[in-house]
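Please find one structure pasted underneath; my questions will follow.
Order of writing sets the chain letters: A, B, C and D. Residues in each chain are counted from 1.
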Amino acid sequence: MAENNLVVTVSPHVKSPGTTRSVMRWVIIALAPATLWALAAFGTAGISVVLISVITALFCEVVWHNLRTSKGVARTWLALALSLGVPAAGSAVGLGIAVAVATVTFMAAFTFSETALERRGEKRHVFDGSAAVTGLLFALVLPPVVPWWIPFIGSFVAISLGKEIFGGLGFNVFNPALVARAILVLSWPVYLTKGWFKPLVADATSSATPLTAIKEGTLAGLSRFYAPLFLNNPGGCIGEVSAALLLAGGLLLILAGIITWEIPSTYLGTMVVVSLLVGQDPVFHLLAGGAMLGALFMATDYVTSPITSKGKIVFGVGCGLITMMLRLYSKSPEGVTSAILFMNMLTPLIDRSLNPRPFGVSRAAKGVRK
Amino acid sequence: MKAQMMDLTRGVVLENPLLRLMIGLCSALAVSVKVENALFMGIAVIFVLTLSNVVISLIRPVTPDNIRIPIFLVVVSAFVTIVDLVLKAYFPDIYARLGVWIPLIVVNCIILGRAEAFAYRNGLIASAMDGLGMGAGFTMVLVVMGAIRELLGTGSISVMGVTLVSLGSGFQAPTFMITFPGAFLTFGLVMGGLNKIQAVMAERAARRATPSMGKTASGGA
Amino acid sequence: MEVQAKTFPGGVRVTHSKDRTEHLEIRKAIDPRTVVIPLHQHTGAPCDPLVKKGDRVLVGQKIGDSKSFVSAPIHASVSGAVTAVEPRPHPALLRSVMSVVIESDGAFEVDPSVKPKGDLDSLSPEEIKQAIREAGIVGLGGAAFPTSVKVSPPKEKPIDAFLLNGAECEPYLTADHRLMLEEPDLIVFGVRALMKAIGVEKGIICVEDNKPDAIDAMSRAVADYPNLSVAAVRAKYPQGGEKQLIRAVLGREVPPPPGLPMDVGVVVNNVGTAAAVATAIRTGMPLVERVLTVTGSLVKEPANLRVRLGTSFNDLMDQCGGLTGEPVKIVAGGPMMGIAQYTTDVPAIKGTSGILVLSERDTVLEDATNCIRCGRCVRACPMFLQPLYIRMYAEASRWDLVSRYSPANCIECGSCAYECPARLPLVQWIKISKAELAAKKGGR
Amino acid sequence: MGELHRYFLIFFGALLVYNILLIRFIGLCSYFGISTSMDTSIGMSLAVIFVMLISSTISWGLWNYVLAPLGIGEFLYIPVFIFVIASFVQLEEMFIRKTAPTLYKAMGIYLPLITTNCAVLAAATEVAKPGFLKMSIAYNYTLPEAWVYTLGVALGYSVALIIFAAIRERVDFAPVPAPLKGYPMAFVTSALMSLAFTGFTGLFGL
């Protein structure tokens, strides 16, 4: 028996090139054009929000990873205490920006050292980029001019409460970025819904976005908003600057086979149908607010959307209906966040009841098992 | 005396209705928005629970077994009506806020639970002590939750118009804590925190109990 | 013949990597000095040895048979002395199996029982079935199901179509492809014999459209038989699966287990099986050799070899110029469904369709990470199952919830695990679930 | 059209905007206990819809035709309602056990649980003494409105319970941090569910 070190595993022995890491990389590539364009539009304000959000997300991921695998627990608790204590103390004493910069650089340094340590001896830690995606997506749903601690606390909440508390990637029920945004809207509404510069609004008095303007009925003749909304809408959140680049990124993901067509098309399609029924301008509704970002990048998050294509269609239609219902009949101008969170909640039920037809069971008698 | 103390403390820690037995949630979460609400609800529950335990254990010999539940209900609802009317008369603004949840004390699982499990089988003093203990445990948890949510949610705690604690004007309070999801989250995280503390204590106790055998495999959650 | 290529729902696009061997002629392997012939080379009851240590055997002589219906006799592939009848490592069952070890005397004297069975038209279906049974012929696609059982469906299940499986969708393997190019007439003869045995009128030869030359060769071979035709099917894995081929070509779906193709009036056989049937009838020689591909990036000169059954993997790899590096995996069969070997001292048997030597780069040895519910395994599954849930509930040993997703339907083609970005061993968990549910008798 | 519109608003308010479990926190004892399995959740939902509709009708009748005219409503409504509901559930359990054993098997075992369920009493009280929902539309319940309201509450209870059961079927298999295992995680999951429901505040002006 020749001495050999053959590996014996179950088939298959070859795999497709796609890995979780490559999926996340594709999402970041698809988001890059819209993000860069927004950062150009908003300058340092936008850049700092994105940076703080992404760095905090990575830091939070490292902290949770160390605690879960109890590696370097002491230094992790210390790092966590520092990253929370310093800003709290600093802002209490009114140090503002200096504290912010110090905290963010500390977090970046800690994250880098942890991952470097990880790569050296131990096998590469599963730093699959999902935290970076969550951080980036969360930054895109924030308005550009916010206090520095909004992306900081928001990112903490997104990673901890949105994902890691459920046990890590793949187990969370709700989209982490939207959980954070919803909690922040309920915590500090003043920063999240109003109060950022809007060269776009017809009259100077109300400082609302075009969407709120509709609600207050002060806006007529929406078509003149198509071009700016499509290309350069500084009125909404960071991610909503250019619907065109978001659409391009979304199509890229569909072509690359990362996301499937069902959710974006049914989501946006339902919005068009509903706005036609109600007599509103469908194109405007697609371009305005978080619809494009929501339908292409938030609703299509694997972990929190249904698995089967039937489930995805139901999910998309549900999101579309609720978004329009909230936009038309509720106080708040934007319905995308609540719509997607609500449908995320329904996803386990959808997955449980909409199963694919078993092979060999005649198409007529579709045996959908409960 | 030792037995009575046991009855009293059992409700507070070992069998805390809210955190351990998970009963009586109906009136707890909604009320934990302000410490003031929590206090009044807690006192109401202590009052109703203690007195109904006493009455139930008193009329124990005479209650026919098969219809004891409706009888319990009548006794408890009598006391609840008293609370309802007293609050409406003397504390109208509190009543405006707690209005709905007072009648719900009748079907509150703690009261029926203790009546069935304890009062119906034990003496007068023991039942009273148990009622008091359970009520105290319930109130304590409610007040702690109320404090956390009110302090974080509004930046200061004020009872009957008197602000006891305040985090200063600079603090921009996350009003999420006083919204509905905030209630669930606070309860969940506090319960988790308690489990963690209990696990750590159990581990330390286990390690202290067998120092001679060196680092043994510690127990804990 | 530009007919639109048919396909089935589900399945995955795999890189064929057949380029190194698809243009190589089938070469006769060097005759081995010793052969190890396991007595269990097929699905069904293992055979009992008919020879003992010291006996002299001839090529084609029956050395093992079983009384049970679902079985296939075993024959000697060399003439010489039996040196031992003892348990030896087995390439498919991953445990030692009773085998007959024969020392070849180099004469390769043929056993007198090997005589042509006569002209096809004069043979009755019963005689053909008897010839197939005696020749020990089994499905050479990989399942190794005794062909004699497959060609005798019960009366109440009428068969109206015969499919010849020339899909060979497993990457790297090119044995069937070469066979169709070099011996199309032998294959057609085998198909007609099988169809006569079953008593079916229509015969369709299915070939993947990534083998146009094979399609042309087979089309010419069936030109003068009106009831035979060639269907092109789109090259997509697992097109070679019985149920997927029937769905693609005829649009019918075999019912869930214990359903069989005969329940929808179809019998499917492999190209190699047809050739073996033709040989058994024309020359009377039982199944003692088969064509397999020895390939992989580490094999210096990969080849399609006609191998005497029982030849060891070591001999076959040596005559292909040996290895150019340290192999990570040696797989019996294709990379998608093949079985990784723990030793190279195993014999090539009836079901071995290829020997694959994979280097670090070819195979993927990454650790599994969390399932991100991307749904690719659900889209890839040709049996419309949901592998992620089977794994999730199996890992928590919740077999009641696992049985709700019917793992018994799984054909273990590996498409789900191939697609999984988290590298989760989905097929392994499904196999565990099948065993667990079967043991509990509760499983569907 | 006005009447139909009011029914829609009341129903929608009770079902989504003021969901009895996730927004008003009433009936949580059974909510956390029952939702560990889908079958029990469905059984309980059926039982709750059935009992709530009937007990609300009775309490509405009692309030408008007995308690209010006699002017003793303010003092006696608690004991009367709870007594009526408890005895009615007892009666009904016997009735179902005799007439529909299959139905009994599906939801019968939950009937005794319902006597201590706050949601049923809350709905009954609200139908009689409006004010607990604080909806912006002025209402004093006529019988059809009472039914619409109770149906909204009952369906709201069932929807929340069944969704939570489906989610728990997944979260129970997740590697949640040790101290959070079990009930604490159920609370946190409900927090996020409540977050999703809070998205509807102010819908249709409710």
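As a working rule, a contact is a pair of C-beta atoms (placed from the backbone, for glycine too) under 8 Å apart; a residue touches a chain by one contact, two chains touch by 3 or more.
Please read all numbers here as calculations on a predicted model, not as lab measurements.
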item	value
Farthest chain (mean CA position) relative to subunit A	C
Pair of chains joined by more contacts [C-beta pairs], B-D or A-D	B-D
Geometric centre distance via CA averages, subunit D-subunit A, whole Å	34
Whole-Å separation of chain centres (CA-atom averages), subunit B against subunit C	69
Inter-chain centre distance, subunit B versus subunit D - centres from mean C-alpha coordinates, in Å	23
Mean-CA-position distance for subunit D and subunit C (Å)	61
Shared-contact residues (touching 2 or more other chains) in subunit B	179, 181-182, 185
Residues of subunit D engaged with two or more neighbouring chains	169, 177, 180, 185, 188, 192, 195, 197-198
Pairs of chains, among all present, that meet the touch criterion	A-B, A-C, A-D, B-D, C-D
Touch list for subunit C against partner subunit A, complex	12, 14, 94, 171, 243, 253-256, 259, 327-331, 335-345, 356, 358, 362-367, 369-376, 378-379, 382-386, 388, 404-406, 409, 412, 414, 417-423, 425, 427-428, 431
Subunit D partner contacts - residues on subunit A that touch it in the complex	67-68, 161, 165-168, 171, 173-174, 179, 182-183, 186, 325-326, 329-332, 335, 337-339, 341-342, 344-346, 348-349, 352
Complex contact set, residues of subunit D against subunit B	22-29, 32-33, 75-79, 81-83, 86-87, 90, 115-118, 121-122, 125-126, 131-132, 177-181, 183-188, 190-192, 194-195, 197-198
Residues of subunit A touching subunit C in the complex	1-2, 4, 6-16, 18-20, 22-23, 123, 126, 128, 130, 168-171, 260, 302-303, 307-309, 355-362, 369
Subunit B residues within the subunit D interface of the complex	22-27, 29-30, 69-70, 73-74, 77-78, 80-81, 84-85, 99-100, 103-104, 106-109, 112, 179-185, 187-189, 191-193, 195-196, 199, 221
